[in-house]
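To start, the structure under review is shown below, and the notes come after it.
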Amino acid sequence: MTLDAAWAVDWVRRSAATVAEHRDELVELDRQIGDGDHGENMNRGFRAVVAKLDALDAPPASVGDVMRLVATTLMSTVGGAAGPLYGTAYLRASKSGAATALGSDGVVALLEAALDGIVTRGRAHEGEKTMVDAWTPAVAAAVDAADHGAPPSAVLAAAARGAHEGAAATVALVATKGRASYLGERSAGHLDPGARSSELILRAAAEAAAAAD
Amino acid sequence: MTLDAAWAVDWVRRSAATVAEHRDELVELDRQIGDGDHGENMNRGFRAVVAKLDALDAPPASVGDVMRLVATTLMSTVGGAAGPLYGTAYLRASKSGAATALGSDGVVALLEAALDGIVTRGRAHEGEKTMVDAWTPAVAAAVDAADHGAPPSAVLAAAARGAHEGAAATVALVATKGRASYLGERSAGHLDPGARSSELILRAAAEAAAAAD
Amino acid sequence: MKKLINDPQDVVAESVEGFGLAHADLVTVHLDPTFVVRAGGRVPGKVGLVSGGGSGHEPLHAGFVGVGMLDAAVPGAVFTSPTPDQIAPAIAAVDAGAGVLTIVKNYTGDVLNFETAAELADADGTTVRQVLVNDDVAVEDSLYTAGRRGVAGTVAVEKIAGAAAERGDDLDAVAAVAQRVVDNVRTMGLALTACTVPHVGRPSFDLADDEIEIGIGIHGEPGRHRVGLEPADVLTEKLLTPVADDLGLARGDRVLLLVNGMGGTPTSELYVVYRRARALLSERGVEVTRSLVGNYVTSLEMQGASVTVLRLDDELTALWDAPVRTAALRW
Amino acid sequence: MKKLINDPQDVVAESVEGFGLAHADLVTVHLDPTFVVRAGGRVPGKVGLVSGGGSGHEPLHAGFVGVGMLDAAVPGAVFTSPTPDQIAPAIAAVDAGAGVLTIVKNYTGDVLNFETAAELADADGTTVRQVLVNDDVAVEDSLYTAGRRGVAGTVAVEKIAGAAAERGDDLDAVAAVAQRVVDNVRTMGLALTACTVPHVGRPSFDLADDEIEIGIGIHGEPGRHRVGLEPADVLTEKLLTPVADDLGLARGDRVLLLVNGMGGTPTSELYVVYRRARALLSERGVEVTRSLVGNYVTSLEMQGASVTVLRLDDELTALWDAPVRTAALRW
């Protein structure tokens, strides 16, 4: 089992769908500890991505091509903190995912590249109540699954579970990066919106892989 | 029985008290069909009048002196429509009430002068939903009482009743003068604030006269 | 009621005092009685320009005192016309021998108080002329009302009369050009929310969350009717159409378009209204040659806007363009 | 939600379009990607000045494009930093060979997007320097936060850097004077009400009728703590004191005092705050030699205000006084 460009396209479409579905939830999470635009930003971005996909003459040749399209589109439509962060994540992923098809190691490399992109851009460490807190356990879980010989779909399922747990754990944290950090202690008790959107996107990846199985 | 400067001072003090007591009601009436300042304007004015009275070295010699003090003070502290209207009313009254003591005819002349001042300044006729609608029946009732030989206190009691009825009748009217006229038909169904304050002031006059009896 | 004030009784005095401190290069503030005059004293031979009215419409009028506009402004209590004993000294303070023009918004209170003040000034030997501003087309039938109200068009009257006085026109000429502005300017406004007068402590009218009040004045008075929530483009048309119709605008007319905020509306929204008003004028073949967008004649923190159109000719355009240096308008 | 808008998705584009139509003498508006440049094109040899950020803070930044201030402004979605593909063309459009200074408010989103845009511009051969504005003393400990936010002090940075660029300073000199303003300017704000972002449709935070939020930013973020209703004089002290303390103001210092409205506050109230802030500075022996009062850096229709103090020296004063001709600031 490997994951190809068709999976990547499906992932992106599922991401767009789940982001649209959870737009208001993400807005509300951001309203509580930020400025209330995260759901709108992500939804605007992913709608633009889908529009670009729809307008393609030929289907993308590789996972990397899909990732690059997502990267440039998010970068130019999302704005805010999430735009450059997700943009860089997908850009790094596009370089890692240049192959036409990914095995479990390829999936792990792609996720590691994405996380690396987020950290390089945003300079946040684990525990600062950001999307890094969803991606770090996601990557760890993916590595662990691949080490145990799991197929790509299981690796992504593990990543999605890791992201879910990581996102949930942000509730207790006090933010020290991003807009929520201005609230100090008052930021505790709320789920980080970027961690939540990361969780949604990684779940979409796992679901697309399951559907491809 | 005649009414002298002491009565006039008592009238003014009672006017100030009743305006203060009904400040919020007058504000609310004006809020409904005007700009919500009538209670505040009248209260500011009458407080200033009382302060001036308190600061006098000697008690005023005549009803006219008291009326003049009220006129100039209201004119310089009330503002809005009510300031010049009441100011002119008291100014005309001061000329009419120059005598040291007023009999029933003197009281009637004073009220007629006041109404005349209001009409001269404001150019409103009866039925336009203004203070004129309180003063006109008040004067008519006073004339009638005096014609029937009533003493000054009874003349003022009649005037107060007339003002009350006139004010109550403004509820049904559509305003064609003053700020309420901008509402057109929507001004109907509300008591005119200036008519209401006129009624309060005339009732104060009657009460002061009853106390002097 | 939430406001950045101390005692409601003191808000006008404290605000005017702060205004005087912040703009000492432009104005001098007199307290008790309260009025604001142009810094530097009388300009010999120049017609004096005095306006005033209730407070709560800032920057009107004090924000327009300075070179090329008003010589004095007289602020009353909030939404309450000033008293003659404030107005008369203001007139006296700016009388430089050429007479004084008072610019009065057409409200019973303002008319009566300015009338009395003019009588006092006249008794003191000052020639006073008056122009009444009544640009509000929301007041439909002046037979059955106190007449049209003076609203945002006042800015244009004060700017253009100010320029005429500054260039040395005599009293008759300044009065005539001011009247020409009045004759050619119309306004219509709406409110999304009411405002709260400090000494009242509650909103000036009650408006449901899905209602918009059309045809409001600038004193928190309710308007003529209510409509449901509608897009800005639709609402703008409800303002622009009666203004343009009443002015009888014709193809080829050149106009000044003023979109005025009521105090609590973001300027970004005013530009949305401006964009649509301009498109509608363009559909009528009317050319917008001058524009002003912002909070100029307000109702405290009311959310809402008004659209004002002034038909221009070459002279009015030149007077509009003439230099002005005030706290709220300068070029 | 009541707003004078059409579709929330279109509000920025329509508003900027209206702005361009109303101020065609000052600016040229580009749509898709959206940015605003000074009318008349590049000024040969002059350092280009570019700023930008989320919309909803009008007149910041587009209202400050013009002679003596910004060469370009880049508006993002409401409260959302613009994207690199808007910022990079704006930088390119104003690069007249002397390099470009970007003035960036210190928010993660703005920093990251401007950073990326600068990399793109650099790849195209434009020298780009950046100054980060972080004047908000409400953010206490930058070790545990994304660092102080850039708020109303941005106006002073843009005005003074704009004057330096206009007089012909080179890129290093313009960047240095901009940094000097940043080093000497501090702000603190409060909100009486939250604001409503169009695409959110409900207030940005929940505030009881008797609560005031102290230490707000300009994105409708809640502040650091809440207090009950207090008189303006008391609230002003809560703003001025941390600002003055943090600046280490000393007897004899001369300052610019900016009282900024958040968009929905009547200017009369801003002058009440100004009056008190000025008295407090005077008690400290600090002289207010320049003042600005009004809505300059807003949060949509939020009611509230911020107090900004900039320590002046002769050069900063002269640059502040230098002529400026923009939609929102001119003298």
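Things worth noting here:
Labels for the chains are A, B, C and D, by order of writing; each one numbers its residues from 1.
Definition applied: a contact is a pair of C-beta atoms (placed from the backbone, for glycine too) under 8 Å apart; a residue touches a chain by one contact, two chains touch by 3 or more.
Here the structure is a predicted model, which means the values were calculated and not measured.
Averaging Cα coordinates per chain places chain A and chain D 32 Å apart. If you average the CA atoms of chain A and of chain B, the two centres end up 75 Å from each other. Here the CA centre of chain A is 54 Å from the CA centre of chain C. Taken pairwise by the contact criterion, the protein chains link up end to end in a single open path, with no chain closing the loop.
Going by the touch rule set out above, the chain pairs that meet are A-D, B-C, C-D.
For chain D in complex with chain C, the touching residues are 2-7, 11-12, 14-19, 21-23, 55-56, 58-59, 63, 192-193, 209, 212, 229, 231-233, 235, 263-275, 278, 288, 291, 293, 295, 298, 300-301, 303-305, 325, 330-331. On chain D, the positions that touch chain A within their shared complex are 33, 54, 76-85, 107-109, 112-113, 115-116, 138-140, 144-146, 149, 197, 199-200, 202, 204-205, 217, 219-222, 224. Per the touch definition, chain B reaches chain C in the complex via residues 27, 31, 34-37, 40-41, 44, 75-85, 87, 121-122, 174, 176-179, 181-184, 186.
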